[in-house]
Amino acid sequence: MSDKPSDAERAMRDWWRTSIIEMEPGVIRYRGYPIEDLIGRVSFAQTIWLLTRGELPSRRQGELLDAALMAAVDHGPQAPSIAIARMAATCGVGLNNAIASAVNVLGDVHGGAGEQAVELYQKIAVRVDAGAAVAAAVKAAAAPFFEGDEFVPGFGHRFHPVDPRSPRLLQLVDEAASDGVVTGRYAAIARAIEDEIAAVKGKRITLNIDGATAVIYAELGFPAPLARALFCLSRSVGITAHAWEQSQQGGRNKGPIPRQYIWTYDGPAKRAVPKG
Amino acid sequence: MSDKPSDAERAMRDWWRTSIIEMEPGVIRYRGYPIEDLIGRVSFAQTIWLLTRGELPSRRQGELLDAALMAAVDHGPQAPSIAIARMAATCGVGLNNAIASAVNVLGDVHGGAGEQAVELYQKIAVRVDAGAAVAAAVKAAAAPFFEGDEFVPGFGHRFHPVDPRSPRLLQLVDEAASDGVVTGRYAAIARAIEDEIAAVKGKRITLNIDGATAVIYAELGFPAPLARALFCLSRSVGITAHAWEQSQQGGRNKGPIPRQYIWTYDGPAKRAVPKG
Amino acid sequence: MSDKPSDAERAMRDWWRTSIIEMEPGVIRYRGYPIEDLIGRVSFAQTIWLLTRGELPSRRQGELLDAALMAAVDHGPQAPSIAIARMAATCGVGLNNAIASAVNVLGDVHGGAGEQAVELYQKIAVRVDAGAAVAAAVKAAAAPFFEGDEFVPGFGHRFHPVDPRSPRLLQLVDEAASDGVVTGRYAAIARAIEDEIAAVKGKRITLNIDGATAVIYAELGFPAPLARALFCLSRSVGITAHAWEQSQQGGRNKGPIPRQYIWTYDGPAKRAVPKG
Amino acid sequence: MSDKPSDAERAMRDWWRTSIIEMEPGVIRYRGYPIEDLIGRVSFAQTIWLLTRGELPSRRQGELLDAALMAAVDHGPQAPSIAIARMAATCGVGLNNAIASAVNVLGDVHGGAGEQAVELYQKIAVRVDAGAAVAAAVKAAAAPFFEGDEFVPGFGHRFHPVDPRSPRLLQLVDEAASDGVVTGRYAAIARAIEDEIAAVKGKRITLNIDGATAVIYAELGFPAPLARALFCLSRSVGITAHAWEQSQQGGRNKGPIPRQYIWTYDGPAKRAVPKG
C-alpha cells in the first residue's frame, strides 16, 4: 500500500465502523480496555453491559444484571422456544443451529414483553419527571391497555398465579436501592401499576418475570430494545440445556405430540383434480 | 476513481466472485441470459436449475424437476419443521423468520435422506460404470447399512406402508426415460435396492419420497448436496402455508402439546441451595 | 384405544388443526386432492398457490405466479441475504442452515416492500370501489409517503435507473388481462402511482421488482403478507445458488471485506480497567 | 379428568421429558432447586453450569467458567457471525432475529474449534490414563493433523501472532489448579501440544482463544459438544452488541462491501435464451 491511502482503501476501512472493539495483531481491546486486563477481573454480566452500553458497571450493578439474566433462563418445554430447540436437536443439526431456530422466535409475543414493560415504565417516568404524581402517571399510561382489553406487558401469567421469580427479584432491587446502587423508582412504578390493575380489574394481577426483569433493566438504564436482547441471552441458556438434553435422550425427527395422535384436518373432503 | 484501479479497488471487487449473476445499472443477467428474456419463457423450476447448475434445462427436464419439487412440499404438523413454523407464527415474528427457523432444521436426519440416497445411487452407478452388474453393485453398496442395522436412505416410512408419492414419481421418470429425456438408470438402481432389501429383510420396504425424488435428482445430474437444498426449497412451501394458516388461526406462544399436560420431570426432587 | 375417545385424546388430536393436508397410512391429500393425482399434472407454482390459498389456480394463473417467482430469485452478493448465505457457507454449516440465516433477514426493509406495495394497491382499490377516480385515490394514498419524505414502496431503485424486470412483468400482466386471466386493475393502479410520483417529484421513479411482483400478487388475489412469503420462496433460490457456489469456491470464515482492511474503530482510546 | 389417567394422558405427559425444570402453578425448580432460592445467590455462569450439567458448581468453578465465557464475546466485524448480525440489523428484523442468523453460522469451522480441541485434549488424557507419557500421548494424537496438513484445533491464529487472551486464561487455570479447584492436567496437555507443534513445524504456533477456553472447559469437565454451545452463548454477546450498535448507526440493506464496488462476475458472457 502507498503512504497515502487511496479513496478505495478509505472506503473499505470505513464501511464497517464500531466503537465496541479495536484490534491490531496481538491486541484486542473492548471499549478501550485491553482484553487481558478484563479477563479474571470483570464478570460475564459486566462484559455484557460493557459491550452493549460502552462503560463498565460497578460490581453491584453487574450483580443486579446477573440476577435478571439468571432468573429467566428457562420455563420448560411448553414454551415454543424450548420445544423448538428440542425438536431441532432430533433433526440432525448442530447445537448452534438448534439455538438459532429457537432464539429466532423470541419476537414481540414470546420475547417482547420485557421490552414493552421497559417502554411502559419509562413513559411513566417521563410523566413523573414532568411533574405528574406516580399514581396519576400510571393511570394515564395504563389506560390504553384496559381500553383495548389487552394485557399490560409484564403483568399476569397464564400458568403461575404468582410468578415465584418476581418477588425475589424485586427484593434484590429494593436492597440495591437502599444501598444507593439504583434509585428504586422503577420498582415503585411497577408496584403502582399492580395497584392500578387491581383497582380497575378488581383482582391482583402480579408482576411476571418479564415485568420484574424489566424493572431491573430500567433501574440499570438499559434502553428498551436491549431488554429483548438480554432476554434472548438469558433464554439461550435454557434453550442450550434442553437441546443438549434432548440430543442425549436421542430421538429422530421428534414431532410436537405423540406419534399416534397426528392432527385434526378440517379442509375439503377428497376430491378430483380438475382436467387441464 | 482513477483510470487504473488501485490495489485496494481490485481487492474489493475481487472479494466476492460469482458466475451466477452479472449486473450493471439497468442490466441483470443470470448466467449470461438477460433477465427480461428469461421472464415469461423459463419456468421457476428451470430457473432453479439455471442458477444452481449454470445452464438452462430443456422443457421436459424442467418439468421433471418441477414434479420432484411439488411432490415434497408438505407432510403435516407432525414433522418438526412444520410444527416449528406453526409455533413460530404464534410468537410475534414475521413469515420470513418462521420459514427460517423451520428450514434450519432440515439437517442430516430431517432433510438429508435425499442427499444420502443420491450419494448411494451414484456410488452404485460408479461401480456399474466400472463393470459391475447392477445387482452386485447394489449388494455391495447396501451391505454396510444392513451390517450397521441402519435405514437404507430413501427407503421405508414410519407412517406410510407405501409412500403414495413414490410410484407416481417413478412413473414420470419411466416416461421421461422412454422419451430419452433421462437414461432411467437411477430408477433401475432404486428398484434393485428395493429388491435387495426385500431379499435381505424378507419384506418389501419401498421407496419413500426422499428416495423417489433422489432418483429424479440423480437422473437430472444434480450433485448430492443440492438434493438437500432442493428439498429445502420444496418444503419451504409447506412451511410457509402452515405458518400462514397458523397466523390466521391466531394463538399466542402456542406450545407443542395441549396446555394442561405440560411434561414429565425426571430430575432431582426439591432440594436446598448449598451455602456459600 | 377405547371406542369412545377420551377427553385427553380429543385434546391432543385437536391441538394442531389444518385444512392444508390430510393423512392416513398410504394416503396424502393436499386440500382434498390425492397427492398422486396432483403429481405430474400441477406445477410447483400451482402447488404453492394451492397450499397457501386453498384452491387450485388455472394454468394461466399459475404461469403468472411462476413468472413473479422466477423474476426475483437473485440480485447478487451485495444484497445482505445473499452475502449472508455465502459467508455462512464458509463457516461449516449445511446448506439448510445457510438458507435459514439468509431468508431470516428478509424483514420489513429487505423483504417487505412487496407486501407494502400490495397493501398500498389494495388500499387504492378499496377507494376506487367506493367510487373514487383512480388518480384521486392514488393521490390520497400516496400523499403520506411524500409528506414523510419516504419511499413509496415498490418504486425506485438505488442501483437501476429502470429495473429491467418490471416492464417485462407488466407486459405479462397486460397479456393476461387482455385474455381475461386477471382484471388488470392493479397494473393500472401501479402506473397511476408512477404518474403521481412524477407529478410530485418532477422525475419518473419507476416500478421496481417489488412493485412489479406486487402487481401480479394483487392481480392474483394474494393477501399482502403472502407477498413477503412468496418473495422468501423466490429469493431462497438465489440464496441456495450462492451458498452452493461459495461452498465450491471454498474459503473458511470468509468475512465481508478483504482481510487486510478490517474496520474503523471510533470508540475510546486504550484505558485501564478501574480497580474493584 | 378421571382419577386414573388414560393412556392418552400418560402418552401426552411423557412425550416431553426433562430433568432440567419442574413446574407447578407458582413453583419453578431448576434441577430441584427452587428458583427463588437460586436468585441472588447463584451467578449467571453458575446457572449455565447447573442447567447443562445438573449440579451446581462451586463459586471458584463458576468464576473460571465465567472467565472463559467473557473472554470470547467478540472478535469484530470481520468475523462472519458479527458481520451477519450487523447486516441483519439493517434489514428490518428484530434483535432476536439478528442474533439467530448470526449464532446459526457458528458451525464446525467458525464455532467448532473449541469442541474439537476439547476432544483432542480428552483423547490425550485417555491415553495418559492408560499409562502413556504426556509427550508420547500428544505426539500420537497430533500426528494425524500433521499428516493431513491440517490445523491442530485450538492453535494458531491468522491475525494474532500471539492471541492476547490465551496467556491470561491459562494463568487463571494455573491459579485454580494451585488452589485445587481443577487438576491442571489439560493446561499441561495444551502446553505439550504447543511444544509438539514447535518441534514438528520449527516455529511456535500458540494456543488461541478456542484452545484456551477448551482447556478451561475440559478442566471443568464439560463434554466436548457443550464447548461449542458455550462458545455460542459467549459470542451471542458480541453479536448482540454489534447488532444493536448497527441499528443505532442506521443503514438500510447494508451489503458487505462499499456500494460502488459490487463484485467480480466470471460467468458466461451475454447470450440469448434458446427457443422452445
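Labels for the chains are A, B, C and D, by order of writing; each one numbers its residues from 1.
Note that a contact is a pair of C-beta atoms (placed from the backbone, for glycine too) under 8 Å apart; a residue touches a chain by one contact, two chains touch by 3 or more.
Here the structure is a predicted model, which is why all the values come from computation and not from measurement.
S.K.: Chains shared as neighbours by chain B and chain D?
M.R.: A, C
S.K.: I'd like to know which pair from C-D, B-C or A-C copies the B-D interface, where a copy means over half of the contact pairs are the same by residue number.
M.R.: Copy of the B-D interface among the listed pairs: A-C.
S.K.: How many Å are there between the centre of chain A and the centre of chain B, using C-alpha atoms for each centre?
M.R.: Taking the mean C-alpha position of each chain, the two centres sit 34 Å apart.
S.K.: Can you give the whole-Å distance between the Cα centres of chain A and chain D?
M.R.: Chain centroid spacing, chain A to chain D, equals 21 Å.
S.K.: Where the centres are mean C-alpha positions, what is the separation of chain A from chain C, in Å?
M.R.: Roughly 29 Å separates the two chain centres.
S.K.: Can you tell me which residues of chain C touch two or more of the remaining chains?
M.R.: Each of 8-9, 11-12, 14-21, 23, 34, 38, 42, 76-77, 83, 93-94, 96-97, 100-101, 104-108, 111, 256-258, 261-263 in chain C touches at least two other chains.
S.K.: Edges wherever two chains touch, nodes for the chains themselves; is that graph a line, a ring, a star, complete, or other here?
M.R.: Here the contact pattern is complete, since every chain touches every other one.
S.K.: Which of the residues in chain D end up touching chain A in this complex?
M.R.: Counting only chain D, the residues touching chain A are 8, 11-12, 14-21, 23, 25-28, 30, 34-36, 38-40, 42-48, 51-52, 66-67, 69-71, 73-78, 83, 86, 94-97, 99-101, 103-108, 111, 159-162, 164-165, 167-169, 171-172, 225-226, 228-229, 232-234, 236-238, 240-245, 247, 249, 257-258, 260-261.
S.K.: Mind listing the chain C positions that touch chain D in their complex?
M.R.: These residues of chain C touch chain D: 1, 5-9, 11-12, 76-81, 83-84, 87-88, 90-93, 97-98, 100-102, 104-112, 158, 252-257, 259, 262-263.
S.K.: Spell out the part of chain B that touches chain D in their complex, as residue ranges.
M.R.: So the residues of chain B touching chain D come out as 9, 12-23, 29, 31-34, 37-38, 41-42, 54, 56, 58-59, 93-94, 96-97, 100-101, 104, 256-258, 261-274, 276.
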